[in-house]
Amino acid sequence: MSGNTLGTLFRVTNFGESHGPAIGAVIDGCPPGLSLSEADIQVELDRRRPGTSRHVTQRREPDTVEILSGVFEGQTTGTPIGLLIRNTDARSKDYSAIADTFRPGHADYSYWKKYGIRDPRGGGRSSARLTAPTVAAGAVARKWLMQEYGVRIRGYMSQLGPIPIPFDSWDAVPENPFYAPNAAIVPQLEAFMDQLRHDGDSIGARIEVQAEGVPAGWGEPLYDRLDADIAHAMMGLNAVKGVSIGSGFECVAMRGSEHGDELSPDGFLGNHAGGVLGGISSGQPLLVSLAVKPTSSIRIERHSVNRANDPVMVQTLGRHDPCVAIRATPIAEALLAIVLMDHALRHRGQCS
Amino acid sequence: MSGNTLGTLFRVTNFGESHGPAIGAVIDGCPPGLSLSEADIQVELDRRRPGTSRHVTQRREPDTVEILSGVFEGQTTGTPIGLLIRNTDARSKDYSAIADTFRPGHADYSYWKKYGIRDPRGGGRSSARLTAPTVAAGAVARKWLMQEYGVRIRGYMSQLGPIPIPFDSWDAVPENPFYAPNAAIVPQLEAFMDQLRHDGDSIGARIEVQAEGVPAGWGEPLYDRLDADIAHAMMGLNAVKGVSIGSGFECVAMRGSEHGDELSPDGFLGNHAGGVLGGISSGQPLLVSLAVKPTSSIRIERHSVNRANDPVMVQTLGRHDPCVAIRATPIAEALLAIVLMDHALRHRGQCS
Amino acid sequence: MSGNTLGTLFRVTNFGESHGPAIGAVIDGCPPGLSLSEADIQVELDRRRPGTSRHVTQRREPDTVEILSGVFEGQTTGTPIGLLIRNTDARSKDYSAIADTFRPGHADYSYWKKYGIRDPRGGGRSSARLTAPTVAAGAVARKWLMQEYGVRIRGYMSQLGPIPIPFDSWDAVPENPFYAPNAAIVPQLEAFMDQLRHDGDSIGARIEVQAEGVPAGWGEPLYDRLDADIAHAMMGLNAVKGVSIGSGFECVAMRGSEHGDELSPDGFLGNHAGGVLGGISSGQPLLVSLAVKPTSSIRIERHSVNRANDPVMVQTLGRHDPCVAIRATPIAEALLAIVLMDHALRHRGQCS
Amino acid sequence: MSGNTLGTLFRVTNFGESHGPAIGAVIDGCPPGLSLSEADIQVELDRRRPGTSRHVTQRREPDTVEILSGVFEGQTTGTPIGLLIRNTDARSKDYSAIADTFRPGHADYSYWKKYGIRDPRGGGRSSARLTAPTVAAGAVARKWLMQEYGVRIRGYMSQLGPIPIPFDSWDAVPENPFYAPNAAIVPQLEAFMDQLRHDGDSIGARIEVQAEGVPAGWGEPLYDRLDADIAHAMMGLNAVKGVSIGSGFECVAMRGSEHGDELSPDGFLGNHAGGVLGGISSGQPLLVSLAVKPTSSIRIERHSVNRANDPVMVQTLGRHDPCVAIRATPIAEALLAIVLMDHALRHRGQCS
């Protein structure tokens, strides 16, 4: 319970730092008999990989995953699945200049306050690089959920900074670096990002993630509701500052006669609830929305202090994502998959 | 890990149903030597008690708490604190009419799908009545946090349906039934609620909760970040559909040069981060915001189905909160206290 | 994870002290649809109840259990089952004399060292009275295991102090206060206990517990092996100082050609393994053995110290079991039931 | 909670198979600021390494550990410590003959029953090879315990099959391959083992492990007593069939006036309790005893069945420990260290 394990029955334990020798995860509790290869995982890692467009960090990491255990003759055995990803493009010198100062809005300050020790190499443990093992584990969950229950998980960006991205079609999503569900708006997003990079600044964004095909009945009230565990997982993702389900914050201004989704013999007539009632899945699509803050590592000079609490100006060079949310879609999908698979197993344990 | 326990070192296990003989909680892991009496807990229970104004459910429950264990000669012993609250105003007949149908937006549908069994007495386990044991446990955490660290937790309603409630002063909060931080707006809120009750409808609201005095260093990244555990606790509260930290969803449209809080030798110059950086408290006030959906139990007739999946019209009589958020402020405060105390102990365990 | 909860999916949280107002447990994770009444639990509580023969403590407790939640119309709902047992025969004055001294071999010393606070009323939390809620929870597990899998759990005393008790028949077990599987030896046990009581001393004993009908496949290696979790539960029982499986410590002197149980098409040809191979049940009867130390509260005067570390002589009057193992058989059965049910659910979750 | 993680605050997650590419562990919750290098861990791994005498398996594994994370500039950072050990001498062909049959007394039968899949390569996950990551993690705990509290953990073999090994001196222990605390008896042990190997058989043994310097107050009653968690850890070690504390099973025949350790102003006058009272450490040395069964993989032909349940004769060739207990001493020490460090942190969390 020391913070680096996600899940109760399907458990993902994450280790590593941005610029250490390797990062990885151990998945415990995966059912036996799932066909699994490194290719199943690599495809998801490649979706969140850095360096794939000019709008993300230019760090070059192949993010090649090695399965160390838990798979025999192409099938999971039910024992822990060890996953290893070597860091290959760590340039620790980039960070030497900032080892003694704190970036406004960055975890380097709070890590130092907590542990009394600070690993300045690329943000160390607080780096978004540590989402790679999460994505790797999520690939296993995603495959199992599809195979066992036909659950399909996907996501997209619905707003980039001030630019809302109207949903047009899922087909557009994989065709642009933003996971935007709208091909027509991509040039505008590109231009915005180019200007932002030129300014040396960063920007927030909003991500939507969905799961279709989730059976009714998953979730463990009172406290470990399905939506509570989703909120835990999503708010645990770097830079996320808000999580909502279904109509989310819009429910504040809504009446019960409007928000409560009516039922007919053919099913629900709306989905303001976002697929969860009382913490238990209702059988409708799960709808999750994330607010992702702008990256704190920017080229623009900012006021800060150093360890001695002297005032300093801080300017962060090196390789950073100007919009960390651009690569967040596959990560949020992975987190949703992990939570869902965990609850599928929990439900099976108690109620099968 | 079956869903009814909150926390890792400071653990609250909740039991009971709305119309069963009793509800309660067991608190495990409380440090020894804390002065504690039933009065310490009762004061918080009274803040969330039903029937205290015409705007909430008229169920009459004294919510008297009995401490069954864990306290000797007025001090906690370090062993489990058993808390018992008898239900005294259960009227199960109110609910007999709805036992076979499903209220749009209510958990009775998903509970039935999950467990195959349904306790229709006042929503059974899914009732907001089960927040009382949470509040009782939170009273213990709140007292300990204040005494050990000077942490002060408080909250207020910032929006009621379409009416934003501008923050005026903390002094106004306990003086009205809405926990509104603005005395001038109360008549408008009263009028809105009176009309709503007349309409037989319900309404959403937005709640803000804060903790001041939290030291830097609490939180367990990667997954059990302080904000992730807060999101888990808050999204686990009945009717909550969104949780955000600091500037929350506004970060989507912000630039890094705006969102990242600068530091000076006198401390931070802003608090867009809401007191958490990289999942660890920064020493600033913790700022949490909740979206609470409108109650699903309303008098207005709605389309639904019965267990046989036949179409029916559902109208919910009985005693219900037309705005469940009105009583949510002390509950959200309690949840924040529980999460903070748990993380205080976890931090002490690893880093003291 | 603060020590008063047993189990992962079937979870029992225990609270109370020997001389506080009440003791009890919350069971979380019980599957829905199990027929359950207070009578199902009371029968097991009556088996471990004090005061039923002259060989056990003369404290008179009816140990009447009240189900507070989790059961609706005679069936479990899948939500937490709250169990309450009021203390009715607490005589705190009995213990006032010992509040400042430490009984040799008793937990009062270590509790004081740990918590800095001491509840001297009947041993407070360390009292064997706290096994009652465990037995109550075990009754639920036992019923479910029998119904779902035909698992039958029973136990007996195999040695009382220096007197080995040869197994004769299960029929004898409920017919004597010792749970001795041998009617002929009972007069010898009675005489031994009468003399012991006359001496003001206490004695150890050995208990055997078995589960028949456990399917092959329960247990979670590496660390949470079925036998590891059994050892955890049993060593957690008051006064237990040793736990073994199958041939137990006799394996030390055995050869592999003797200890390894051969298989035939009709099943195993022996059960030295005690029903567990590699931490997973093999389908054979589970065989568990416990060493129970003599009670530390005796009338014979002994050397000790008081809180000021001055030498004192301690003599413990009041009502105590001269052989705490006499009532241990139903408790050990309950613990075995809880562990097995937990692993049944865990196995179902991962491998169903 | 899927079985491959040990501990609550100091958590060790173990992965790997005997003949897969690698084995390892992730340690979560280690306090920051502990000086740690691979050499600190390697010294313990070398103590349990195979192939170091003719009495153990002749598999040649350097068991070289690589620290993948959690250490920066020679100090732990408080973040997860990833440990990797590559398998280098896997010879899967040795096991092909047994893939379809079950060794009497071996986990291959129960693993197959549980998972429906079997990794026959050297026992796969059930191999004693998986104790290496446990030993690596234990090295970290051992170092921390010594540094923070002066706790010293050591063990020895007290019986090899029918040969009791009288304790003579700690100095003898590292000087012979058996961890025997008696130099004079070593020739007898050697002769016994040579004959056993000649016979193609295996043998059990008894191991004692101790911790000196443990402060009073560690342990979490009711269920997670210090001795309960020790029993869990030890019974979770391959081939262990019995665990006892202090006088252990001898307590069965003892009186309270004999077993209860008296106190004087200078401390306890005996240690029948083995350093634990009521589940909490008393400040005395912790005394733990283990019964280790004989290895099930032997050259002698035995009756068994194959997957089709046909009768077969099984003879296990390949490289096996004829007495798995010979290498168990450092493993049991590591497990004791892990449990103690976990409880040290838990105690600090609640009671510091």
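In this document, chain identifiers A, B, C and D correspond to the written order of the chains, with residue numbering beginning at 1 in each.
Going forward, a contact is a pair of C-beta atoms (placed from the backbone, for glycine too) under 8 Å apart; a residue touches a chain by one contact, two chains touch by 3 or more.
From a predicted model like this one, the values you see are computed outputs, not experimental measurements.
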Contacts common to chain A and chain D (chain labels): B, C
Winner on C-beta contact pairs when A-B is weighed against B-D: A-B
Whole-Å gap between the CA centroids of chain B and chain C: 38
Centre-to-centre distance between chain B and chain A (centres being mean Cα positions), rounded to whole Å: 26
Rounded Å distance, chain B centre to chain D centre (Cα mean): 46
Sequence positions of chain C contacting 2 or more other chains: 1-5, 8-9, 14, 29, 32, 78-79, 114-116, 125, 221, 346, 350-351
Residue numbers on chain B that touch chain C, as the complex places them: 1-5, 8-11, 13-17, 20-24, 26, 28-29, 32-33, 66, 68-70, 72, 75, 77-82, 84, 114-117, 119, 121, 124-125
Residues of chain B touching chain D in the complex: 1, 8-9, 29-32, 78-79, 221, 345-346, 348-352
Sites on chain B touched by chain A in the complex: 1-6, 8-9, 14, 102-111, 113-116, 125-126, 130, 159, 161-162, 196, 201-206, 216-225, 227-236, 238, 241-265, 269, 272-274, 276-283, 291-298, 300, 302-305, 309-311, 346-347, 350-351
